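Down below are the structures I want you to see.
Common to both upcoming complexes is chain A, partnered first by chain B, then by chain C.
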Partner chain A sequence: MPHLKTEEMIMNMGPQHPSTHGVLRLELVTDGEVVKSITPHIGYLHRCFEKHGEELTYPMIIPFTDRLDYLASMNNNHAFNLAVEKLLNLEVPRKVEFIRVIVAELQRIASHLVAIGTFGADIGAVTPFLWTFRDREVILNLFENLTGARMLYNYMWPGGVARDFPKGFREEIGAFITYFRPKIRDLNNLLTGNHIFISRTAHVGVLPADVAVNYNCTGPVLRGSGVKWDLRKNDPYSIYPEFEFDIPVGQGTMGTLGDTWDRYYIRCQEMEQSLNIIEQALAKFPVEDATDVQAAVPRRIKPPAGEVYARAENPRGELGFYIISDGGTKPFRVRAKSPCFVNLAVLPALGKGIMVSDIVAILGSIDIVLGEVDR
Partner chain B sequence: MKPSEIVDLLKQQEFGDKILSFEENTFQPGIQINPLWIEDIFYFLRDDDRLAFDSLSCLSGVDYGAGKELGVVYHLFSMKHNHWLVVKVKLDRESPHVPTVEHIYKAANWHERETFDMYGIVFDFHPDLRKILLPDDWEGYPLRKDYQVQELYHGIKVPF
Partner chain C sequence: MHDLVLKTLGIGDLLAWLGVPDGSLVYPVVASVFPLVFLIIFALLAVYAERKVSALIQNRLGPMETGPWGLFQTTADILKLIQKEDITPKAADKILFFVAPVLVFTGTYASLAAFPWSSGFVGADLNVGIFYLLAISSLVVAGLLMAGWGSNNKWSLYGAVRSTAQIVSYEIPAGLAVLTAIVTTGTLSMNGIIRHQEGMWFGLLFQSPFLFVAFIIYLIASLAEVNRTPFDLPEAESELVGGYHTEYSGMKFAMFFLAEYGNMFIVSGIAVAVFMGGWLTPWGTEPSVLMGVVWMILKSLFFVFFQMWLRWTLPRFRVDQLMYLCWKVLIPIAFACLIGQAAVEVYL
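And then the complex of A and B:
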């Protein structure tokens, strides 16, 4: 109906907008309510991580990695340490690996809770937001007990972790698992099957699998499109091969494969898988092992000249660190390949011919953290 | 496939003289190629069934030191065969130009913009080569080793 075309309007969504999850500006070209094109403008939170990295020694960079994806600091620490340990050819004690996996999976649950809660709030369901933040609080309290910080931990160091589990900490995690399992069911009852929620998310923002791979989308965005790909299984690191867990993939249950609902539901399922991993890790935990968790941390970290690209499965996808060492105590080059940056790049491709209100749903389902997009 | 086998395969495809060097004894073996042939090589790497490099995992700019050349490092990964290849190009510092691979891997679009922003490397034929993280009127390329920060930005003192 070309005669119904109205005059195009350019509209700014952001930089300050509750549904952009941070400081992000989307430049929309709209024709009435229909979006013709989306141009994201990022960089408002650029903090020169890579430039800082060249000026700092390796242990000093770890607090900076906390601040990339500030909802998943433990996972960021883990990815960075994987890279440094590869460069140093450092063997990590088995007990430390268990501690790392447990806290990384707890962090994944906490991060997914924020993703699910804010996604619901974006679409107009405020109750799940309060519920998920209530449960996340339990995890943050655990982390506060463990590290002294609630969000930015500086917990994992090359070859070790900062502190051993305090007394009774494993029992507290066990209690959290018993507490949290029914909460996932409640959340599914409240949000996942909600008729209004489904009508806002099903068939919206369909991302085909080949497009997702070509854009190198990772994490729930890729798995939502039906690609069974998880670095914990497919390119294993740490002690993940010892645990049994499934990789949930999108199936188009409520609409089309790869739609917003699929991406959302992946996160709900992944929380249960994380609980399974933690349970197994607690059961296998080397209780008798009295190794000092800092024993393997080198006094002076000075990797031989070389370069490495190491990656880990973060809640939002593949976080990679490309480090070039010239043999000094500071890296010659640190590159952080952030999953949010890459996943956000697919938004212009998804946002053609959709309604303005659907942008909020799509953006929420991609689940970006602007701290990591801008670095 | 092992990196040496990948390189052999590339040599069979008459890309032999476009591969300038092959580092094998590193964590992630890589090849350095002639930047002019990057499109042909990447098309082959992506579309050949034996290689099937379907994802560009990372694209980074590198400055090898003041007065030396600049570089771009592509980390290619095949989800089908689970193998890696690191491809490097080295570029003249005065006029760094390399053809874009945006039409081969869409993931390169924003990565190339970022590399342009931080290093001033120009990706020829890129559809939308604008700065991405820094303001449009920012002077200089911050991640270059010889970068001097500008004194004032819109009347605000920059170095502190």
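And then the complex of A and C:
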């Protein structure tokens, strides 16, 4: 009956919806269970980060960077400090670099754990969510011991970090590594290899490499499409060149290259690589070095006039800070290039002719944090 | 059953003592309260068990604060739900919105009428008992559809349409699986089916490979019929917010909940009665009436636990995969089982 035209229905998914990972609104045009198009509407969590940046001194901006991607505060701190240090031409003590890399990689694991857990919950498996949060709790406790905060640390400062590792802290991290390795295996047994999970994710939301590159996707979304691009290797910063680690890329193991399963599995593999990096960093850690971690922090930060762009590999992709200084104590302009915003932009391209359930899977695999999308 | 309940619990004597004449309507009314009480107590404990089972699987403690080991948590929840404001959305279809939870619960409650608790302890030992059970438990579909449509909410509608498609489809493999067993027993009466299994270890389950496969098919299909993971699409929290009960609150919501847990027990009970000897002991002898009830409930509870176990382990199917599994996998296999078992009956 070709003359029968079914009516299309417009649905608002969000801003209050369990699977939009925050206050995101997706406008769906649906025909039954099939989605014709997706339009993301953002801005519900806009907090004027960039405008705040123009009104505050450099150290005062750091707590605001915590609140961008609030699941990866350490990495945000790191990226922002890279920019300020580049602007100041500041040499960072070697011990500080080690501390930074260790906490940044721990934060990456914590962030990926949330991504994997919520992704599982989106697909309908609730147990992995609680397992990953149990393991993330260990990392948060470590950070609490180190910084006094559990989510928003304000830990890295230009030229240094707020506090040195407490006594016995490196042993605790070592204990975490031995605790956590088998947990990744458990997680793979429970979720990654599950037949229903694979049938829900393989061949779903296939993002070809050229589309990913054209949309400027970064992080696991780009690597899931098989593009080997990781700033820790391709544009090294800090002391990452000293460590040996692999960059996992999507292989299309369970379905098509660049499908939802690939993007998911990248995160599982990256957690292992982060553990490798932390292990090496702990082994090479300058134990004898008694430098004060705040020694290189300038008393007054007043960079020369100029502009700078620095970027770092965050758990969700490339976070860049573009700072213009007019020679004062406050930046003239701060701009954050957010990976989540860019990755979210690819959703409409993926969301044509899919099922409503697939949106949830794709959005979960893109893994956005609305705090960073809206800034 | 009336006589039995009245005798066993001594209610008959009590009513007689109160001066209620013989043959009065009070007797059946009192007797029919028994399944209702059982249903409510079961739901209370099942919700508690569900929380504890999930806690066990997820390395948590579960409810611990309300009463010893949190035993009164569900009671507290029910008290909270009773006190809640009963909201009916402005745009809702008032009548449908009100009738839906009642209808859903009616299906569950009515199923218990033919539920074989024990020898002689069955509300109505109909000669089409299993047919009645399968039919009356489908009443839930109408309720869900009314809830979804009446809420006037797009998400609810999605949930209702999904659940209708799902339950109607999965009744076919479930029915075929039960038919496979009926081919052997030659009767539709619940107690007749169970009596046929006397002397068999674990009932019909291990009598032939066809019956074993049919049992597995029934188990899968029954999960879909009660909307449990991996077939919980109608209320898929992460996709449809709450599915058909998104707009429900207070006691109406509690009715859905009660019906859901009641249905878990009933489908388990049917599986046990048809394939695992019902109230017979696992080694196939006939127990006393009271022990029969114990065996029936114990066996059913095992499958209730099995459903909880699956729920906290597996992800959820997608709509098309659900239909694929039903029409292209389960139904052909169920047909093969039916024909195979029929051949066994005829030629062996």
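A few points about this structure:
The rule is short, and it goes like this: the second predicted complex is superposed on the first by the 370 of 375 C-alpha atoms of A that agree within 3 Å, B and C clash if a C-alpha of one lies under 4 Å from a C-alpha of the other, contacts with A are read in each partner's own complex, and residues count from 1 in each chain.
Just so we're on the same page, a contact is a pair of C-beta atoms (placed from the backbone, for glycine too) under 8 Å apart; a residue touches a chain by one contact, two chains touch by 3 or more.
Just so it is clear, the model here is predicted, and its values are computed rather than measured.
After alignment on the shared chain A, the placement of chain B and chain C results in a side-by-side fit free of clashes. Touch criterion not met for A:Q269: it reaches neither chain B nor chain C.
Looking at the superposed arrangement, the partner reaching more residues of chain A, out of chain B and chain C, is B. In the superposition on chain A, contact of A:N76 is made with neither chain B nor chain C. With chain A used as the common frame, the shortest Cα distance separating chain B from chain C works out to 25 Å. Every residue of chain A that touches chain B in the complex is listed here, in rising order: 42-43, 46, 48, 50-51, 54, 86-87, 211, 213-216, 227, 229, 234-235, 306-309, 311, 318, 320, 322, 324, 333, 335, 337, 341-342, 345-346, 349, 374-375.
Within the complex formed with chain A, the chain B residues making contact are 26-28, 54-58, 60, 62-63, 73, 75, 79, 82, 86, 105-107, 109-111, 118, 131-135, 142-143. Within the complex formed with chain C, the residues of chain A that make contact are 9, 11, 17-19, 33, 120-127, 130-131, 134, 190-191, 194, 196-197, 199-200, 355-358, 360. Residues of chain C that touch chain A in their complex: 54, 57-60, 154-155, 158, 162, 229-230, 232-233, 236-241, 312-321.
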